[in-house]
Structure formats: structure tokens, C-alpha cells
Amino acid sequence: MSRLLKHREVFLFLAILLVLVLVTARFPRFAQPGNLLTIFNDTSILMMLALGQMAVILTRSIDLSMAANLALTGMIVAMTNAAFPGVPVPLLMAMCVVVGAGLGAFNGVLVWKLNIPPIVVTLGTLTIYRGLVFVISGGAWVNAAQMSPDFINLQRAVFLGLPLLSWFAIVTALLFWVVMTRTPLGRSLYAIGVNPTASVYTGINVGRTKFYAFVISGAVAGLCGYLWISRYVIASVEVAGGYELTIIAACVIGGVSIAGGIGSVAGVLLGAIFLGVINNALPVINISPFWQMAISGTAILLAVVLNARGERRQGRVILKKAEAV
Amino acid sequence: QTRIALVVKSLGNGFFDAANKGAQEAAAELGDVEVIYTGPTAATAEAQIEVINSLIAQQVDAIAISANDPDALVPALQKAMERGIKVISWDSGVAPEGRQLHLNPSETALIGETIIKLAADYLPDGGDVAILSASSTATNQNAWIEAAKAVLPEKFPNINLVSVVYGDDDSVKSTDEAKGLIASYPDLKAIIAPTTVGVVAAAQVVTDQNLIGKINVTGLALPSEFKQFIDNGASQAVALWNPIDLGYAAVMLANDLVKGGEAKPGAVLSMGRMGELTLDDTNSGAMAAPFTFDKSNIEEFSKIY
Amino acid sequence: MKPKTMTDPILTLSGISKSFPGVRALHDVSLELYAGEVTALIGENGAGKSTLVKTLTGIYQPDAGEIRVGGQRVTLPTAHSASALGITAIHQETVLFDEMTVAENIYLGHAPRGRFGLIDWRTMRAEAQETLDSMAAGIDAGIKLRELGIAKKHLVAVARALSIDAQVVIMDEPTAALSQKEIEDLYVLIELLKQDGKAILFISHKFDEIYRIADRFTVFRDGEQVGKGFIRDTSQGQIVQMMVGRAVDQIFPERTAVIGQTVLEAKGLSHPTEFEDISFFVREGEILGFYGLVGAGRSEVMQAVFGLTRTSAGTLSLDGAAIAPRSPADAVDAGIVYVPEERGKQGVITGEPIFKNVSLPSLGKTSKSGFLRMAEEFALARTYTERLDLRASSLSQNVSTLSGGNQQKVVIAKWLATLPKVIILDEPTKGIDIGSKAAVHGFMAELVAQGLSVIMVSSELPEVLGMSDRIVVMREGRVIDTLDNKGLKPETLVRLAAGIAEEQAA
Amino acid sequence: MTDTSLHRSLPNRLDNPLKSAVLSWESLLVVVVVAIFILNSFASPYFLNAWSLSDLTFNFTEKALIALAMALLIIAGEIDLSVAAIIALASTMMGLALQYGADTPTLVAVGVGIGILCGAFNGFLVTGLKLPSIVVTIGTMSLFRGIAFIILGDQSFKGYPATFSWFGQGYVWWVISFELVLFLVCALIYWVLLHRTNFGRRIFAIGNNDVAAKFSGVRVDRIKFILFCLTGLMSGIAAVLLTARLGSTRPSIAEGFELEAITMVVLGGVSILGGAGSILGVVLAALIVGLVTFGLGLLNVPGIVMTIFTGTLLIVVIALPILFRMWRQRA
């Protein structure tokens, strides 16, 4: 048991259960399967984005431009849909992935070829991408009436009892799990974070691998651009404004180390769900919405403290080793 | 050449784009007036102040503003007035010391009553209703909600207002809040959203959760953005004034002041084709009554604004 | 020794040059490596040895020259292309992944693949275990690398080299951090590699081991190749002559210091996990040696004295007055300074110039009411770097561009400038060439002659025996004995440090 | 070839200081400032006007004040994303104090004091609990502003006394505003602090290698803690100015300031990885951001489009020297 508890995923899972139990005690309807599935569905986009962000953070980088990328790709796809309602939605989604990956690749190239620190690059592109949303749309919103029914309803279609949106998240998570644990690319992402110098010596092209990480986060952001727009049926400049920090918060709560090299798919999913549960629970148990921000801030701080406790090295314990001999 | 700046809460909002149409119409009618349509992208007071500062530097003749914050803009607008610029607020007002007059789209009390009535009309037996507002700092929304609360006890005794929540004119936040309302109040019969962003978000949630027919969404909405929810039954009816007229009137009033008109309690100023505005003792006046859209007329108006 | 076979070399370098801004690290050097032979690469600090290694493994690109593998001319644009050609290296710094398993450390970059080209963890683990077992490493391939000691990590690096199936194995000072026992194990391994027909390039500052395992040698001086030949045809003196361009006597300096009052005294220092009941004292003008096997906890004790780690029990006194440094700053104020073991990480601030490194702890003295006075800083830096014969182009040269030995001199200069009472030197000559080593030793003698107290932590027997007045032997976090260095036999120290009973050692 | 002959006196430096000054980052920024200034005067007839130029300064002084302290923090290898939230909390507390009848000096003390407290809280979490500052301040950013929301909800505080408003709206002489004067004075203080004192030298050492700095007897944690407090202090001062300028407090005040302040710092040539940077660069960068936004504002370019310019400027200004170096190496 104590061994299990060492895994922060287990700890996080218990924390989420605790919140569920507490809320349910006051409000039984909250824990109904239907509501839980709704929370999962509501959190799907955050989960996907956080997974993309994890790929970047693992390499000791950070992508502050994900939300802006999402907004830009979302605006592009919404305008395309408004202008050419006949284009099939799967094609539009493919377009989102490509556009998003392209925007991510731009970050990646600057990081790779020019060696500019990622936080600077994405701080710059964060404003550029969001500005471009305004430029291409002229500031006008694309609203529900302009979108085709297919465009809006695809993610709402139910398959095996779950909306497609949830399935997108599930498939993305599986894909990430395979890539992270079973492919050279995934392992390289970890390796770079653990020890960049050693990675060079091992023959990993650090710059190019970081580039791939940004392409991954960009592609995810692009796909989420479509999902976000069709979910909230409005495309505007302000879409997902400030969401970049929520994405990072989900990663942090999920145990991704900002110093790179540490993090798991399961942890990130739980981190996102934790935020989702908190956000859903507060209005339900009638806590003033004005408390929401302070509570999630506290949650982030607690998560960091707990994670740091877990990560802290226990020294070399010379005496203990001596006794054991 | 008279230059009048039409400053809005945020660019890209369909409502304000429509207002700009009316403003340009007024400029064309007046001939010697140029309208500068501007505003921040995010609906914050600080961003609006930067816009005001640059307008002061450009020495425009008048500023007509729909404010993100009634108080925070006062110092900046006072500075504008000191430099000889005429300042009026419209739609969402500024505290009296920060402007020369305020143009309400409609009587506050009337709007407050209308939004409740829109819900009550379809609830013959009464029931629970909740309000999903814009940001908690929005002047106009807050005033309407106060007015609505005031008329409830006598005119609509069987309507029970259970909660007021704020979606900050942000579609995600509005969506979350609407969901929260539905989850917390199982007997909820109507959601009233006196804001164009919130009302769309709420209607989408009701559509998504298959609650059409159980929960009626109503409030203030742009016909073009809201048409589909009248069509699919998520909403029976919504109301709004004509933003084109509002923009038109704002420019006309600003022009009046520039050309020598004086804003003081009791004064009567011309709004061109919209008639005349009579100022009350806080130097504000109302344009017209809100207009209701339902299945019968939404098609027609959705093509206009 | 096997007979000399004049086969063609596996790897040939010719005319290789490499410059860094302001530094010519390699100039027109050549090198041949032969199958089944160990070639020792010898040179002072900064001679360009590690630079050559990095050029050979695709980490640096040479400015000129050519590399031939098996007669074929090749380029090595990345580390990957080098290992694809069968060139692998155990670098001077351990370059492995703490957070990953041993198996993955061995196979990262060339992991066995299963279905759909996905990494096959099970096979990887099994093969890694096999390699480790063949080396008799006694390491479980499934645990995280973090759990291993520094010596075992080196073994993992060797296993990695083996797993690549290299023709050329390069070892850049592999024994610097190893204990005697582990060094012996390494020799066995190298012998195995030789029998396998691999060409080995071995870099070391220790002549005993060069003479023990190398067949050939190549000497570098200031980035140029100044000599090569067969080890058994050349004397140590001749090689040293080539290295430094002059004769160096390896005799430890005569010391004339008069030993005075007790300066620093520790009584019963304990730490919850690292050490227990440590007592020692050091007197004016005395060098106190701390001997033990690597990992005995000597550094931990010194860092506690320096205020870096908290002790759970025990007292410290300086000149008879109790002190309790809670931070290095406190210790420095009291007059205790510490030259750390990990120069690059703890010793120098690599991004800054020499003079800023030297003045950092003395800013209080060079400044005037908190405001900097650069002229004073330069004067201070010049005084002490000159006394240590620091080799650099200017005092504003970035420390990162200095070689290891010269970086060490910067650290020592920094502390001398604070005019300390007690100076603790942790492995002061680790990875330092023979010329600089003598300089450091000479300087220690000078320090005690001036009345300072020196504590020297060292794992090198000759150094401990040659320099110390008294020797504290530590093992597994405890003081085993404190001995007067008069007629001490090396075996006694080794026995105490390793915990071997007297009869067995005999 | 490096001369390594024995017993030779080492020169202080080899390079020509004048040459390196001309090729420095700051001179690049000066060129950019002048270029934008000239462009602005051509683009708008209203630009070259004392009052316009004075109004211009209000667009950046508050953020630039924070950027000064943030520069030190980033040079030391840490970061504070919570500065805007500190403004919100400090402003809210001032409003609360006002409700209890506080006079102007008390209000200022409350604002500045809360700033320092918040900074100290960040500093404690980072240095005391050894947590990474970027995550800590993402957390406190929500926490501080969250507390402001809890206190204020949908309300606002207003009715600040006129003497208080002077801090944000007053002029010291003619068109020279109090905010501008305060910024210039603070810039001078920070310049001296960073470039001319032991404290500043230690900040650089910490940013380059905090372990080695600690081993060199630098009290790393204490200095980092002080830097967080300084950043809090400057946020508190910015809160006073902004509140006085707006004449009211809402919990949503100063949203997005943190990224703008960091942009100024980075544009000013401070290495985000720590260990390098200058105050002059930060001041110039603040000026650039102010000039660009005001200039585009005069042309009624929407704010969001301006951000494209600042974002591009940030990347281009940082990429240019790198590209130049790569080009020269190839040649």
C-alpha cells in the first residue's frame, strides 16, 4: 500500500475521489454516472491539450502558445465551414491538425534552429497567433447560425454511450501512451528532459526532438481548435483566452515536472480531471463562483508541494547502506 | 470635419458591429462627420483607457463610449473633457462625472421587466428561473437585474428567481455556469440571459442536454446569432433593441454636443430619425422600448442584425 | 603481453584541428588506434584530450583534418553516426539518465523493437541483464540508474559501449571516481575487450595505470601531438618530459611548517543518514588527510563543517570558541573554506569571467559600502591567480573556456583571497595533470607554512601519505581511526578503509 | 593562439570595451527606439506633441516598474507570474482600507505592504520549500486574484481621495507626470543596484550557477527571497499607481500585466535562463513597447493587432543577432 501511495497518480486519484465523496455527501445527484460522464466529457479538451503540453514540458520546454494556436486554428476552421458548408467535417478536422501542427512547427523551428528559449518563442507567438485571429476574421465572430449542423453536432454524436468528444480524448490518450512508452521519439522526449547533455552524447538530436514536441503540441492544439469551436459554437478572438496557464496547471497537478523528464499520461489525465471536478463541483454545492479561482490556485500549490515531496531525493544514506551490509 | 470616436466594450461583438453600421449611417447623413470605430479586444477597463488616451492624443471632437467599467474610466474621460473633447456614454454607462450624457438603449425598468416577462409568458403556472449575466461589473446588466428583482414580487408573484450567476461574456464560463445552474436546480424552468454571449451559451447547453421543452432560454439576443435556437425550440422568444439605431443615435447626440448643444437635466436633444432624447436629472435618457423576437419574425430580423 | 602485430589501424586521424573562440584546442593532430590494443592518450589539463574524444564521437565537428575508419574516409556529423560506425565512448563526465532504468540507459537510441516497430521492453531488459552479467557487474537492469553509486554508473556506461558492438572504445579518465577494487574490475574488463579485438583509447593522468594496461601512447601538449610510441619502450620520465616540455620531479614538497595550537575541532558530528559520531581536530600549520574509499562519506562531513548540511548532533569549535555555521556564508565569515569535489557544478561559475569568480566571496573586501570597485577586484584576482600560475589569456576570460586543472586553480584562488584559517580541499587533484598537481601540492605546503590549517580529502594513497601530517580514515560514514603519518604503510590505510581484517590483508 | 607562457601577468581584458559597447544589445535597442520614434512622427501628425508624449508614458510605466524588479528576478534564474494578481489583491486591500476610512498615506502603505507580503509568500514557497518558481507563481496567481474576487465579488471600491489620485494622474511639472518621474528614479536605483553593487554581482552569480554561488558563500536563498519581495514591492507600487489612475478597484484589474512585463524584460536582453541582462536594456524595451502601442493607437490600430507587432518584435529582435552570428560563421 505504501508503495502504491508513492505513485502520485494513485494519490491524485484518491484526492479526486475525496472531492467526489465530499460533494456527493452534500449533493447526492453529483456522483450519478451520468454526471460523472458529463464531467469527463467537459474535461476532454483540457485532457488533450494537457497531453500535448506534457510532450513539450518533458523536454524542459514550455508551450505558452497552445491556447492562441487553438483560437487561430479554430477561427480558420470556423470561417472555412461558414464559407464552404459542403466541406466534410473529417476533412476540416484533418485541416485543423495540419494547421495546428504547422503553427507548432513554427515554434519548433525557432527553438531548434535559432536556439531561442521556448518560453520566449511561445510568449511571442502567443500574441502573434492571437493577433492573427483578429486579422483574418476582421474581429467578427463566427456564430452558431453560420456553422453547418454537421460541424456542430459531430462531437455530440453518441457512440457506446459516450459522446464522440470523449472518444477523441480516449483515443488521444491511448496514442500518447503508446508513443511515450514504446517509441524512440517518446523515450527521447524523456531523455532530453532527464539529461540534455547525455542525450547529445547518446546520439539524440535534441533540437529536432524538441521540434517534434512542438509539432505534437501544435497538432493537438489544432484539433482542439475544432473541438472547442464546435463545442461552444462561437469563434472569436477571445476563445480560450488565458487558457494556456490552465493547461500547464493540469500538467503540474498531474505530476509533470516543470524541470523536464518526469510525467505520465495517466497523471496528466487525472490532473485535468481534478480541475474539471473542482470546476464542476463548486457551482453544484453552491459555493460562490468567486471562490473558484482561489480554490484552484490552492489546489495547484498543494499539488506542487506534494509532488516536490515525492521527487525529493533521499540522499545517499551511507549509514543505512552500511547497516544493510 | 468633425471626428467622433465610437468606443465599444470589445471589438468583434456582433452587437457592436451592428451599432457601427448605424454610426456610419449617421455620419453619411450628417456629411461632415467622420466616425472612428474602435475599442479593445478584451473587455477590460485598462484596455479601454489606452484607447481613450490615444483618442485624446488624436484630438478627436467627441467620444461616444460603451463602458466596461463605470468608474475606472472616469479619470481618463475627465481628462478628455478637460482637453475639450465631448464625452457621451451609450449602452453601458459611465458614472455621471465621467461623461456629459448617457444614452440608455431603453428604460432600465422596462428592460428589467421585459426579461422577466419573456420568461413568465411561457410559464403560466410559474416556477424557478435563474439569471445568467455578463461580467459582474457590467453596469447595464446589473441595473436591469436590479429592476427585474424589483418588479418580481408584485407583477410576477409565482416566478421564483433562484440564482444570479456571471458568465463574464465568455462562452466557456457562460457554458459552465449554465450547466451549474441546471445541475443545481432540478426544477429550473427558464434561464434568463440579458447578454448576447450568455444567451447563446445557455441555449446551446439546453440543446446539448436535450432539455428543449423543459427549460426555456430567454433574454437579450441578436436575432442573427440566435435564430437557430428559436427555430429548434430551445427558446420561445428573446428581446433586444436595435443596435443599429443605438449606434446611429449615439453619433447624432455626440454631434449635437460638438455643434454646441448643451447637456443638462431637462434638455432635449435631437437623435435624427430616432426622434428626440430628453435628459433626466442624471443627464441620461432612453432611446426606445425593447423589441421582442419570436418564431414569427426572427427570420426577417436575422438578416438585418 | 601479446606480440606486436603491425596490422593496419582500425581508426586513423590525421591533421585534425579544432578551435573555440580564443582557444586553439587541437592543432594538426593525428592518432592511430589498433585492434586489440590499448592506446593511452596523455597530456596536461587542457591539452585537448577530451576535445579529441568529442570530435571522434560526433559531438564536435573538426575545423580541418580527416577521420578514417577501416581505411574508409568518414564524417561524423552526429553522435549517432559515430556509434553507427562502431565508435563509442565513456566520457569524462558521466552522461547517463538518472530517472531511467539501467536497461534503458544501455539501450537508449538502439532499443530492440517488436511488433509495429514499438520498443520491446522485455527483450531490452533481458539483453541488458545479460550484458551486465557478462561483466559480473552485479547490477539489476530493472532499477533506476539513480539508485546506483558513481562506480556502478561507470559500469553501466561500459555496458552501453559493449551493447553497441563497437570496434573502438574510448575511455576518458574512467578511473577518476573509482575505488581501487573497482579499478581492478575495470582492468579485467579492458582485458576482455582487447581479447575481443576492440581498439581502445584510454585517457588518464595516472601513470601507474597507464603502465599497467596500455600498449601504446600518444602525448598531446597545448593541442598538438608531441610524441607517440610503445609504452614498454618509454620511461615515465620521458613521457612527462614530452607532456610538459620539461622535467617534473614527482616528489612531494618538503614541509617546514611548525605545528601549533588546535584551530578547528569537531566532536561527535552526526547526521541522520550519512555519518555518525565524527570527531577530529586540525592544528595550525597542519595538513590533516581524510582517507577512505570513494563513498565513505568524507565529502558529506566536510560539507557539514562548511554549513551546507545540517548535523543532528555534535559540536564544532574554532580557536576554542564554539561555532555553528548554518550556511557556507557563515563558515566563510568564520574562516573555513571548502574547495568542492565537483568543480564544474559546485566550484566555478562557468558563465562568468575569472576575476568575478575570484572576487565573489571577497566582495565585502573589494567593495566600498556595498558598491563595487572593479580595479580592486582585478588586483585581487591577479594576485592570487598569478601565485597559482593560472594559464589564461586574460582575467576577463570566461571560466567555462578553461581546462579542468585551470578551473581548479580559479576555485583555490577564490578561497585564498578570503584569507581563511582553515581550508578544506576535497579531492584537490582529481583529474588534474601531473604538472598542476605538483603546483597544488606545493601550494598546500606554502599554505601551512603561513600558518593555515589544511584538511585534504583524497582517495589517492600516494597523495595522502605524501602530504598529510595525520590521517583520518573513514569507512561507511564513521571514523575508523586517526593515525600519525610516521612510517605508515600504505597497506595499513587500505586495510582500515576497506574494513579488511589484518590476517586477510597479510 | 592563447599565450600560456609561464609567469606572465594576465591582462584585465583582451577585447576593446568601446567596440563591444557599440555591438551590444542596448545599442541595437537604441536604434530600434529611434527608428520607431521617427516612424511614429511620420505616421501620425498628433505624435510630436508634448501632451501626446506625456500620455504615452502612462501606457507603460506601471508595467515597466514591475519589469525592473522582474529583470533582477529573472537574472537570478527565477520568475514571478503572479505580479498582476498581486496588483489586484493590493488594490482590493486598499479599497478595503478605504472603507474603514484610511487616509492617503495609509492607503499607500497598505498597497505597498500587501505587495511585499505577497512577494514574501512567493519567496517563501520558492526558497523555503524549494519549489520551482514558475509553478508556484502560476498557483499564487490564481490564489491572490482569487482572494480579491472573494472579497469584492461583483462589487467595486471607489471614491479614493483626490490626494491619492494624484499618484496616478498628477503631474510634477508641466507634462512630466508623477508616474514617469517615479519610474525614472526607480530605474536609476535598480541600475545602481544591479550593476554597481555587491548585491547585483551576486544576483548574476546566482543566475549563472546557484549551486556554485552557494558554495562560494553567497546567501542564495536570502537573495532570492529579497528579490521576490522586491518584485512584490514593485507590484504594490504599481497597484497604487494603477488604482489611483483608475480611481476604482475591481478584482479583474491589471489582467495580463505579467506577460507584458516579462516581454519587456526579455526584449530588454535579459536572458530568460538567468545570469545575463541589464537595466538599461529593460528601460529601452519598455520605451519600445510604449512607443509601438501608442503609435499604433494613434492610427487606431486595434490593441490585438499591436500585440502582433510586439510579439514579432520580441522574436525578431532576439533572432536577429543569432541569425547574424550564424551568417558570419558561415562566411
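By written order: A, B, C and D. Residues from 1 in each chain.
Basically, contacts are C-beta pairs under 8 Å (C-beta built on N, C-alpha and C of every residue); 3 or more make two chains touch, one makes a residue touch a chain.
By chain, UniProt protein names: A = ABC transporter permease; C = Sugar ABC transporter ATP-binding protein; D = Autoinducer 2 import system permease protein LsrD.
None of these values were measured; they are calculated from a predicted model.
Minimum number of contact steps separating subunit B from subunit D: 1. When every chain is reduced to the mean of its CA atoms, the largest separation from subunit D belongs to C. Separating the CA-averaged centres of subunit A (ABC transporter permease) and subunit B is a span of 35 Å. Measuring from the averaged C-alpha position of subunit C to that of subunit D gives a distance of 43 Å. Taking the mean of the C-alpha atoms as each chain's centre, subunit B and subunit C sit 74 Å apart. Taken residue by residue, subunit A (ABC transporter permease) touches two or more other chains at 134, 139, 237, whereas all remaining positions touch fewer.
Contact with two or more other chains is made by residues 153-154, 255-256, 302, 304 of subunit D.
The full set of touching chain pairs reads A-B, A-C, A-D, B-D, C-D. Interface of subunit A (ABC transporter permease) with subunit D (complex): residues 62, 110, 114-117, 119-121, 123-128, 130-135, 139, 237, 242, 245, 248-249, 252, 258-259, 288, 290-298, 300-301, 304-305, 308, 312. Interface of subunit D with subunit C (complex): residues 1-4, 6-7, 9-15, 192, 196-202, 204-205, 208-209, 211-219, 275-276. Of all residues in subunit A (ABC transporter permease), those touching subunit B in their complex are 27, 29-30, 35, 38, 42, 134, 137, 139-141, 143-145, 156, 232-234, 236-241, 279-280, 282-284, 286, 289.
Touching subunit A (ABC transporter permease) in their complex are the following residues of subunit C: 57-59, 78-83, 89, 91, 93, 95-100, 104, 108-109, 111, 117-119, 121, 146, 149, 271, 273-276, 295-297, 300, 476-478. Subunit D makes touch with subunit A (ABC transporter permease) in their complex at residues 81, 125, 129-132, 134-136, 138-147, 149-150, 152-154, 251, 255-256, 259, 262-263, 266, 271-273, 302, 304-308, 310-312, 314-315, 318-319, 322-323.
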